[in-house]
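Each of the next two complexes has chain A plus one other chain: chain B in the first, chain C in the second.
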Partner chain A sequence: MKRFGWRRLVASSLLLMALLIKAGAAETRPQYGGTLRIAMREAPASLDPCDATQADSLARRNVLALIFETLVTLDDRGRLHPSLAVDWQFGPGNQRWQFRMRHGVRFHDGTALTAEIAASSLRTANPSWKVFAEGEAVVVELDHSDPDLPAELALTRNSIAKKNGGGKLSGTGPFHIEDWQAGKKLTLGAEENHWRGRAFVDAIEVEMGRNFHEQLNELELGRANLVEVAPQQGHRVAMEGGWVSSSQPMELVALAFSGDPKTANEKSLRSALALSVDRGSMKSVLLQGAGQPTASLLPNWMSGYGFTFSTDADLKRARHEREQVSTAPNWTVGYDANDSVARVLVERVALNAKDAGLVLQPTTAATADLRLVRIPLASADPWIALANLAETLGLAMPKPRGESGEDLYAAELALLAGQRIIPLFDLPEEYASCPVLNDWRPAADGSWRLDEVWMGKDRP
Partner chain B sequence: MMFRRKLLAVFALTVFLSVAAVAWLVSEVTRRAFARSDDERTAALVTQFRHEFNRQGDEVQRRVEAIAGSEAVSRMTFALSRAPADSGPYFELAKSTAENSQLDFLEFVEGGGTIVSSAQWPAKFGYPEEAFGSFSTAIEQGPFLKQEPLQEGTVLGLFAVRATRVGERPVYVIGGRRLDKNFLSGLDLPAGMRALLYQNRGDHFSADLLIDPSTSSAEKMRSSEKLQPLIDAVRQYGQEMTAVVPWSGNQADDEVFHAIPLLGTDAGKDHPLLAILLIGNSRRTYVELKRHIRSAALLVGGGGIVLAILLSSWAAARVTRPVEQLAQAAQEVAAGNWNARVAVSGRDELAQLADSFNRMTAELLGQKERLVQAERVAAWRELARRLAHELKNPLFPLQLTVENLVRARQQNPEQFEEVFRESSRTLLAEISNLKGIIGRFSEFSKMPQPQLHPMQVNDVIRGVAQLFQAQLEAPGRAKISCELQLHPRLEPVAADAELLHRAITNLVLNAMDAMPQGGTLTLRTRGEDGKVLIEVADTGSGLTTEECERIFTPYYTSKQHGTGLGLAIVQSVVSDHGGRIRVESQPGRGTTFVIELPRG
Partner chain C sequence: MRHAIQNAFQSLKLSLVLFFFCSVPVGIAAATEWSGPAQQLAQKIVAVTGPGAVAVTVENRSSLWTKNVDAISGELRVDLEALGVRPAKPEQAAASAAVSLSENAQSCVWVAEIHQGAGASAVVMVSVPRGDNAGFAHESMPVSLRKIPLWAQEDRILDVLILEEDSAPRQIAVLDGEKVSIYRLKNGKWELDQRLGITHARPWPRDLRGRVMEAAAKDHLLDVYLPGVFCRSTASLPLTLNCRESDDPWPLVATAAASFPSFGGGPSVQPLGAFYSATRNFFTGALAPGVGKLSTVGKFYSAAALPREKYLLWLFAGTDGQIHLVDGVTDQAAKLGWGSDVASVKTACGSGWQALATGAGENAGNSGADSVRAYEIADRAPVPVSAALDFPGEITALWTEAKGDSAVAVVRNRETGAYEAFRLAAACSQ
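Then we have the complex of A and B:
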């Protein structure tokens, strides 16, 4: 001990500290390589962006965005950005739009992206549009004014895809398909010559059809780097030391009636139900604080006026509305049997309704008087999102569409006035990741942006 | 009925009644034994159910105590004791804890009676627990029954409550197990027994409330219909009851159900009837055993009866054979066979009877022979008397004539010639008379043997009537009317028509002699007991009893000039035909002769 000496000990310690600091600094620089393993609940059977038979979800959109690109993109504030189109122009009345295509973009099979291919892809996705190539530009001509066409082109279904002779899909995204087991597993490889540059990770493996519990297990066992987390579990996972990140609320949870109210009595009963729902206790207990109670269709972060819709339960008014009707029918409330949160939410709604004198019978049957629905918002653009919501719920979108926030408010009020839907919550997308996943953070609209993440080294 | 058959019937009836009595006795003893066994098995099952109920209750209580003492619940209690209390993080605690503790029901209830977390109805957090008022009682009394409202309806459960506290505010843990098919299936039931549970909810009986682990839904509907009266009775009176439930027309399918009311301990109520335990005990074993006993009884009875018939036949034959021999011998004696004898074997009463019968017949035969000899002597005496009488009458004139001849020869020789001529005529006349007498006797002794041929008696009767028609209606004679009463379908008889005609003619002549003042002669034929009867009746003065007894005796006559051979000849003819003749008469009321001839 004496021969070793204090000086030598201090020098060794300083050297070791320097090495550790250097190693730490090296970790903060992005590194190429590695395979990113993702698990998700959705299990799409097709990767075709314009396949309308596939259920829309943020997860599917994000997976397709790795392979396919759109002419334009929206950022998480709803602003348009060039993508495969470098710029665009519109004619008088917003009926003719011209998008000039980017040069040097190639599909994964090596084919160069042309205006003709892009126009063909858009025609497939939108049979009612008149789309054609005009030189290096794609022209879209509409029979009505549509100022939001560029935002609509940013939707996943309008991704530019090309089918080769064997029906194999090819895109221009940062990753190409290496292996696809429909509904089970997708393996993607980084596109070396992507026009925005190569992604950091070499490959991405996406395991599909895994429930939240299985995803968390796989994350804990190191078999997945990025998993989805149920909103009500996010808080607990974070408390247990997990790396949890979330988007802005991008999913509307609501009660949707199968049809319009036919009588004044039915309107009173629907009002009674809407007034009886205690969203606060549901959020604090069932959702464990996640999400935002809402009585509007669009989340407040998107519309800016969501708070003006009252979410508080008013049992007194609910009973009063109920008492306006002598005999109330027993309503069945449907929910997805695979969604454990939905079941508890529905049961809670039924309990609240019982307090107001209504009888609701939860059911997993396909047909019901009303259903608990979870609708992912289609876009960060409020008009696009609202229109998509209306279309999904089978509601007629009020016309004409305006430009201002007041117009949006009026449109949403008109949709809610039909009493077809009772908004309950806006839920965010929550993810848990492993520590080796660097620069990962979902966008406000829930987009993954995985071309920016990189895999660090495993820590002991 | 023959004595042997009577004896046989008595034997068979005795055996049958004995077997029936034994079978009934065995069946009754079996029924009582099974009833006792049923009671014992039911009582055992009830005891077992209560034991299982208590065991399950203790287990629930033990688990609830463990949960109440767990670290997670302690943390929750501590968190809820702080202000502001946030129950949100413990929303799923009840469910996960219930799964780990294998409880069907588990709720955490804060001190104010509000549900913090519910395993059975997670959405019910924040709502008041309905049974909160009875928690203090339940903690003291231990496990209890309770109807638990669920989303899909109310179910019955066995619950226990424990309290855990940090500081002043307690948190109650109420957990339980569902009384359902699994609970009932867990009971260790003997073969042929089963347990059902009826959950007493609502005002009316409902098939959906019957828990029957052994049947399907459709069968449960049928079961409930049959069990409804018993359940309704228990619901009404709140007492244990028993009833036999017939499931089909087959008695073997019947079940005895013992219904036991299960009461709750809800606060503010007087032990409400929460459920009814139905313990079913199959009667199949009993009914099948009863059938076996009945079959065995029938088999034994049938075999016994057959054996009884055989044995009684043998015994009856052994007993009745001497009697039958006696009867046969008596019939032979009655038929005229006085030599009939009965074999005597043994020294019993029947042997003595047979010996007495033999001695009796021997004595009768001796008496008959003596009587015949006496009659024969009497007949000979009568014959001699008649013969002497008949011969004496012509002999006396002969003697006088011969004496006149002798006297005339000696005293009047000149008149002798004349006397001689007259005497000769007299002598010849008397000698002729003697020859006539001798001829009639000779004729009687020479009655010919009948030549039997099938013939109609009515024809003979009509011939006789026709023969005497003119004589009966002759002038100067008192009128005798003749009536024919002939059976139209008389069967033929084997007879000698000539001899029969002669016999009936003799009877008609006698009848005419009996009616000097006129009257009615009736000739009648009829059939009776395999015989043909011929009746010749007159309306004359009739006969005395003595005359009737002697009237067929040869040479007996009640007439002044009769020979007494007519009716003897008639009797001889009838006897030669295998028949018999009798006379029925009363003085002053006429006489009827009846001839009985065998048919064909």
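Then we have the complex of A and C:
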């Protein structure tokens, strides 16, 4: 047997050991217990997943995903996975879909999940669908072909929720509601018998309606473990030693016109505006390097072809387009008065437009010729995301839906050809967390997956 | 009714056998991997430009390695020339094609932006499934660890038992939360022999762990340990598996002392069991029968036995973050910066037994990938004796194999999300 030269080995190894320990604690298995405290800007008044009156946001979706579950889920690559449904089949033409339900799942009020309850929940969320239970399966029958139906069922609004007699909502998710002060604070407790196992943390407290500044204060004072960070602040927070993590870009910032261009002149003016926007300087100065300039609807990480849409300003061409029209109207451009980033972006757009000979008047009024909009992408599935964007912007999604990347590209081209929207930036969701929060990393699509995080003494 | 996407895992699972992923954009990927897509893209370009002089540029906008970019560029140029395209400088060309090797979340996307004269541009593209890459680091250390791929699948792998082997494993049992799958190597490919379902009344805890072990008694083949559940198979193929609720202790080493040989003339490794929590991810600390005078230790995640000349030293990776060295009389705790999983392997180097411990990957940056390193425990002080063996994600299981000379590690690949099981073998490197 070979023997080591122990003295030499020990001496050389002591340095290595010191380096190893200094490099940070090794990965450890998750520990149970503790309360996770989160702060967020959104202040939803309702936890009903299919309440269409509530503004859609990634934060709201993530909170609801703690309480409610869908039949299927999408991972951050847009791949489908079973959830409350264990498998699924479709009939000819993708018009009839059958989802076989998982056994042994219970709502937080103790009721067993059945195909009837799931079908009823889906009918509430989608009144135009024909949804019914057939044995242990939920069947969805459509009057049109929809190959994306499973991905659509992964959307938060299609979460399975049960209302009891008093109108109280119950879900099957990893956490149950312990206390709910609408728009202010939500307290959740870990569901001991969740079908995927009890979550590691005992409870989650969500403080709502906190602006970015308040959230960072909460984190620094140790009152919150996880907070949102404004895109333009992420770099600074990281430089100051904060733990910052971000999703892939999941929010589109764009200028949206209120209607279609009615004349050739109006088309020329819209082209002039689109060509005048200097996204590069906006990114470096106003967004402090955050976000990705874009001229496409879907971010490049989702489509793979976003770079083919030029984001460069072309003032020469912009002026040429403007000069095709003798008299240009003054446009009002609206933005959310509570959104400081929107204000500075709109002001810069107005300056760029002025260089091209256009007059834009920023306003916080409810009506305007065009608005700066921030639209969270609905899904990591590019077709679902594009269809949802079109719906949000009031655009008609081209049909039929294709399968290939070229089909997706063609659909996006068709949506942009209407000149209703000028994409500006794709923004990621950024978060800062405290060192005791382990296994925290937002998914590419911005999903929190807080049932997998755990509270420890040190970050591994 | 036509059968469609029946459980996305199922279809993917079989395609992941032994890491033959759909495509691997690393140096080992054969140029032929790119031939089909390159040909398709060439055809699409020529459908727009027609034959003649075309200025073609290729730019990499993806995570493809340079050598692969070169290979793809070469394939594309050959295919274009075969279709009548003559490479030309931009000022001499009738058209230009700017090819970008891009990617999205699911696939590589190769895009050609085509310009002809002052006319409008056209965009054509093809999609190619993505793969993953890997890296290695070497240090000069007394023990070298190597990992041998065993199996990969989408479902969380809890343990892999090698049932039959010659120079390489020929039959394996793969344990996940719902089944034990028996695979046999036939003509270089793993084929499913049998799938044995596991019944359990209660939901599994998160961070599920379990063991599949060859039975000590000859009246059956397999013992399966899961939180609150014990399963026993029949003796020969085709097997059946009978599961019941149980709080029986899990063996910390193979129950047959003969299959876990002692070192030199020292004591044999006596079977030791430990009770595992039915609702959590750790052992409760109660031992059966115990280590010397100690019948309980603190709650722990994993344990490793290191035979010594006159006694047996046990390492317990406690839930308190410390490694407890227990010799039957004392329990000495130390903060070593190790992970939660320890195992031991018998080698021909040093004292003959080394501890394996998980840790943060050294080349993983902030990706959360883990590594395994071998240690000698000299005078209760661990000394690293191998380089860190990096894995492509976090290690979710590390168990000593029955023969004691190797271990099984399971890792969740950070890129693919799939679980990959490896055998860890140790060899003397000096």
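FYI, the second predicted complex is superposed on the first by the 430 of 460 C-alpha atoms of A that agree within 3 Å, B and C clash if a C-alpha of one lies under 4 Å from a C-alpha of the other, contacts with A are read in each partner's own complex, and residues count from 1 in each chain.
Simple rule for what comes next: a residue touches a chain if its C-beta (ideal position, glycine included) is under 8 Å from a C-beta of that chain, and two chains touch if they have at least 3 such contacts.
All of these numbers come straight from a predicted model, not from anything done at the bench.
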Task: Kindly classify A:P44 by the partners it touches after superposition: chain B alone (first), chain C alone (second), both, or neither?
output: neither
Partner chain in contact with A:P362 - chain B first, chain C second, else both or neither: first
Task: For A:V285, select first, second, both or neither according to whether it touches chain B, chain C, the two together, or no partner.
output: first
- line: Comparing chain B and chain C in the superposed model, the one touching more of chain A is C
Query: Is A:G171 contacted by the first partner chain B, the second partner chain C, both or neither?
result: neither
Query: So, A:G234: does it touch chain B (first), chain C (second), both, or neither?
result: neither
Task: Check whether A:P293 is in contact with chain B, with chain C, with both or with neither, and answer first, second, both or neither.
output: neither
Query: For A:G334, is the partner it touches chain B (first), chain C (second), both, or none of the two (neither)?
result: neither
- request: Once the structures are superposed on A, label A:P428 by its partner contacts, choosing first (chain B), second (chain C), both or neither.
  value: neither
Message: Can you tell me which positions in chain B touch chain A when the two form their complex?
response: 86-89, 91, 121-127, 151
Task: Mind listing the chain A positions that touch chain B in their complex?
output: 236, 281, 284-286, 288-289, 344-348, 350-351, 362
Message: Applying the document's contact rule, which stretches of chain A touch chain C when the two form their complex?
response: 1-4, 6, 9-10, 13, 16-17, 20-21, 23-32, 75-82, 86-92, 96, 98, 104, 150, 193-200, 248, 300-305, 307-308, 380, 382, 404-406, 409, 441, 444, 451-452, 457, 460
- prompt: Which residues, counting only chain C, touch chain A once they are in their complex?
  reply: 1-9, 61, 100, 102-109, 111, 113, 123-127, 142, 202-208, 279-282, 301, 319, 321, 336-341, 348-350, 352, 357-360, 362, 368, 370, 376, 378, 381-385, 394-395, 417, 428, 430
